[in-house]
Amino acid sequence: MRISDIAEQMEAVKVLGPARFGRAARILGEMFSNDDYSNFISLAGPIIPGGLRTVITDLVDEKLIDGIVTTGANVTHDMLEALGHKHIVGSETLDDAKLRRRGLSRIYDLLVTQKSIENLEKAVYRMLNKIPESKRQNIATYELLWEFGKQLRDKRSLLCTAQKRSVPIFCPGVFDSMLGLNLWTYSQLNRLLINPFKDFSKLVDLTYATKKVGAIILGGGMPKHHVLIANSYRGGVDAAIQITLDRPEGGGASGAPLEEAISWGKIKTQKMLATVVGDATVIFPLLTLAALEEARS
Amino acid sequence: MRISDIAEQMEAVKVLGPARFGRAARILGEMFSNDDYSNFISLAGPIIPGGLRTVITDLVDEKLIDGIVTTGANVTHDMLEALGHKHIVGSETLDDAKLRRRGLSRIYDLLVTQKSIENLEKAVYRMLNKIPESKRQNIATYELLWEFGKQLRDKRSLLCTAQKRSVPIFCPGVFDSMLGLNLWTYSQLNRLLINPFKDFSKLVDLTYATKKVGAIILGGGMPKHHVLIANSYRGGVDAAIQITLDRPEGGGASGAPLEEAISWGKIKTQKMLATVVGDATVIFPLLTLAALEEARS
Amino acid sequence: MRISDIAEQMEAVKVLGPARFGRAARILGEMFSNDDYSNFISLAGPIIPGGLRTVITDLVDEKLIDGIVTTGANVTHDMLEALGHKHIVGSETLDDAKLRRRGLSRIYDLLVTQKSIENLEKAVYRMLNKIPESKRQNIATYELLWEFGKQLRDKRSLLCTAQKRSVPIFCPGVFDSMLGLNLWTYSQLNRLLINPFKDFSKLVDLTYATKKVGAIILGGGMPKHHVLIANSYRGGVDAAIQITLDRPEGGGASGAPLEEAISWGKIKTQKMLATVVGDATVIFPLLTLAALEEARS
Amino acid sequence: MRISDIAEQMEAVKVLGPARFGRAARILGEMFSNDDYSNFISLAGPIIPGGLRTVITDLVDEKLIDGIVTTGANVTHDMLEALGHKHIVGSETLDDAKLRRRGLSRIYDLLVTQKSIENLEKAVYRMLNKIPESKRQNIATYELLWEFGKQLRDKRSLLCTAQKRSVPIFCPGVFDSMLGLNLWTYSQLNRLLINPFKDFSKLVDLTYATKKVGAIILGGGMPKHHVLIANSYRGGVDAAIQITLDRPEGGGASGAPLEEAISWGKIKTQKMLATVVGDATVIFPLLTLAALEEARS
């Protein structure tokens, strides 16, 4: 039995979690197979270090994704891996003060060496130096990340593949990451100015240049909201799926049901929406496989 | 690509959610393919109405599950479906007072008719009447549910299949369900006594009669804890997976990590444990398919 | 500023969490001050070891609570403390296999000695021996717990205080606890039969014998559902508050909004309902203080 | 009984939720009473519309908070209220398409009129026009928000009070909000450039200019991480409390335990940390009252 068959059977349950999963697979299949769609994906939480680097890079490479909005952390991790660093398997019960002394930093059960972060800084400086100053003094994050993608040369890198395929990666919270710290320290001695207005203009332009917009929302945070708000000028996205463990009751945007965004004009209708309550790093590869099977059949 | 291939790739990530999902698939595959294992499954939350009736019935029919511990609600829903009633698709935003007036009861976005619940009562009385009084006056829940299974005649019913395969269904909280109300009202005018000691003796006996015990925990609640505590006499289960959205921080048994049960002697070692944070009705069919593919290869 | 003043200001926000907290305080104040109410409290999760032993015992002593439905674990912990055992402060990152070897069992960051559990067994046997066999062979859990309460002699014990005040403690899942294991082993060599029908009859009788029923729901699980379902014969409870971290989307009873119970006839109207998303061991003492201040003013 | 007395009793429980709440109250009391501390608060989720506007404004007015990092949404709501708009009480079950047609937008059970959002745009343009172009063409968000605070004239406004008290409000994700849309459209026809480097320099400078740093983290998201990462240059914050409903298992920064930040050098030691699992709009006012009582006693 193929996973798309299970997804279909799940949608046939029509209620509760299975219906939400099945519907999400079908909607994603439609986004991937219908050429009218430009698809934007938001990445929050440890999407890249959590094993989805290949999945998302492949989707970009196959031109199934047309724009990415991500936290700075996911960009940082893509660069770390492109520079040859691998995360280390740890545990969520390790002593953090000891880890610190041993030069290790922790993300739940995953460890990163301080050494790799120092190497990243050097690489970022080196790459920034190669960007002409005229460009550097008024640059969007998507332009900056394309420059890095050009220089990094790792076929499995999201930055490299996105650059190759001219898919912009927007990073509205870039300063809130290790990469962001490097940009800031560099800017203290060199000409560098990130212009977030240019990012937003580019993102809005993309939403206008397509018949339909599909939103694929992994986790919550600013990336989720940013994809949706950028579509409010065109009357909202046409289809959206989200995978999140965040709760709605607190009223934060991260856990908000997609339906809420209809009242803000960020989503058009209720017809093509699905929320899967779950961990995006578990659910998204499964949904993607089901959707690609459906799209190809 | 088969789902067992994805599960394998996920385990290779070695951290975060994907590792937990991949490991759970592998452990479940081991439980299903290694004849040393007797497997006990716990059902809490709307497992039967949430679309897993077929999945679990099939596993019982193939002798991959040797004992079931469930809430009364899941038994009630299996019986409702065996009696020909189907749930109705609703929505979580419906007005409950209006539903009440229209004879409908709600479980999130799923509706049940009051009519079907009345029919259940009649059927339960009819079936109880057919059980000899000598048996009825000191009966375990597993014996009672086998009696019902014998009388219900629905091939897709968990109760019928479990009876056919001599797999006991334990229902330690049977009184806390629509079925339980029927048992109680019946007992007011007829001889009926449920003896929970007999259930526990049977369950403990089963855990002794096998080389290895595997625990498959869907949701939390009393069913989860009951499977584990019954194994404390034999030194704990040998392998366990759990799928739950409950949190650990409050200290309740539902959200507790499996590791905690090691300190109580309910689980033997940390080697064969996996917790997937997610909705059991979404995750379990996927894990099962992956495990069966692995078990058969 | 008094906590009841803050609760009032919170209700004045009228939306989101503060409104839910403020409304819960007001409803609880009404339950405590209006003599028409009989109040039933459900205890799931580590309510007793989590510091609410005194709070709940005081409410029982002041006759503000008329019935208790609890997990076996909370009864077990009340008995452990009555027998002089204290929990030990641990941590959620301790190694459970090491704890096991050192004779310690863990509940999140709280430790219990195996020694105290062995002492509990002896005490339970001793207390059971003192109950006349004629009574023992057909006993409800509330009767059994009153017998224990009579023998335990600890003023701060919930069991003792409940017995003194003739407040029944119902334990529909008693077998699913350390105490339950002791009852079962005792029953293998001695006459002992727990009759859950008697418990349910008593509980239903209590719900009929009062003008209004208030339900105070701490955590989810069987205790939550049991309080509600027992009130379905009288047309539902008149007021209810619940404090839980469980989620609604999975469709389980633990995380279900109170409104859902209206469609089942377990709650009368939407007027006197409040759900606080939070940890009951944190929220309930604060709500209680606010409610008592309001009730007394 | 005062709330600080309850908090003290809770800390004496030493385990589970009560200990976390009690410890948080004590740590917050220390931050408020010890002059060595500069305190930074992060605001994610509907903190301002959720009723904490007065609480936080009062803390700023009393100079107990020295820096704020917030989402754009909270700034937007403070401005809406300063302009005389009030949110409307709705419900989480309303039909969002209907709301849209009626000119209403929804945040869980809270409604905002489209009219008020249009008025905000006009007010933002008007206020921007009054800022000298020389300043506007290279402005930090904290400078911009001080300019707005100067012009808004609402004593209860966080922006006004922060400006009056020279407390900077950093808004690293300002573009991801209604206010951000207004800034972007304005920039299409007028000179306006937000320079996020200036914000980060100011924030880092503040962390250096104090003996001790206290971090008060309400909700997760970029604001949480931003306060912590800005302190990594000085070796981490000295004390931190967080209140969140986000989960740790997914590995995202929002739900991460504070201890994890020690391994990144963003927090100094484990001694002065407390995480309360709960809704910040409920827990923070209670903690604040307890902390102020302690600080003043």
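All chains are identified by letter, namely A, B, C and D, in their written order; residue positions are counted from 1 within each chain.
To be clear about the criterion, a contact is a pair of C-beta atoms (placed from the backbone, for glycine too) under 8 Å apart; a residue touches a chain by one contact, two chains touch by 3 or more.
Model, not experiment: these values are computed from the prediction.
Visitor: Out of curiosity, which chains are bumping into both chain C and chain D?
Guide: Common contact partners of chain C and chain D, which must touch each of the two, are A, B.
Visitor: Considering only mean CA positions as chain centres, point out the chain farthest from chain C.
Guide: Looking at centroid distances, A is the chain farthest away.
Visitor: Have a look at B-C versus A-B and report the one with more C-beta pairs in contact.
Guide: By the number of C-beta pairs in contact, the winner is B-C.
Visitor: With chain centres taken as the means of their Cα atoms, state the distance from chain A to chain C in Å.
Guide: That gives a centre separation of 45 Å.
Visitor: When the C-alpha atoms of chain B and chain C are each averaged to a single point, how far apart are the two points in Å?
Guide: 25
Visitor: Which whole number of Å gives the spacing of the CA centres of chain A and chain B?
Guide: 37
Visitor: Which positions in chain B touch two or more other chains at once?
Guide: Those would be 15-17, 46, 49-50, 92, 108-110, 245, 247, 249-251, 277, 279, 281.
Visitor: Under the touch definition given earlier, write down the residues of chain C that touch chain B in their complex.
Guide: Within the complex, chain C touches chain B at residues 44-46, 49-50, 71, 73, 92, 96-97, 99-100, 104-110, 172-173, 175-177, 180-181, 183-184, 187-188, 192-197, 199-201, 219-222, 225-226, 229, 232, 245-254, 256, 259-265, 269-270, 279-281.
Visitor: Which residues of chain B touch chain D once you look at their complex with the stated criterion?
Guide: Those residues of chain B that touch chain D are 15-17, 92-93, 95, 247, 249-251, 277.
Visitor: Give every residue of chain B touching chain A within the complex, in rising order.
Guide: For chain B paired with chain A, touching residues are 1, 3, 6, 9-10, 13-21, 46, 49-51, 87, 89-90, 108-110, 245, 276-279, 281-283, 285-286, 289.
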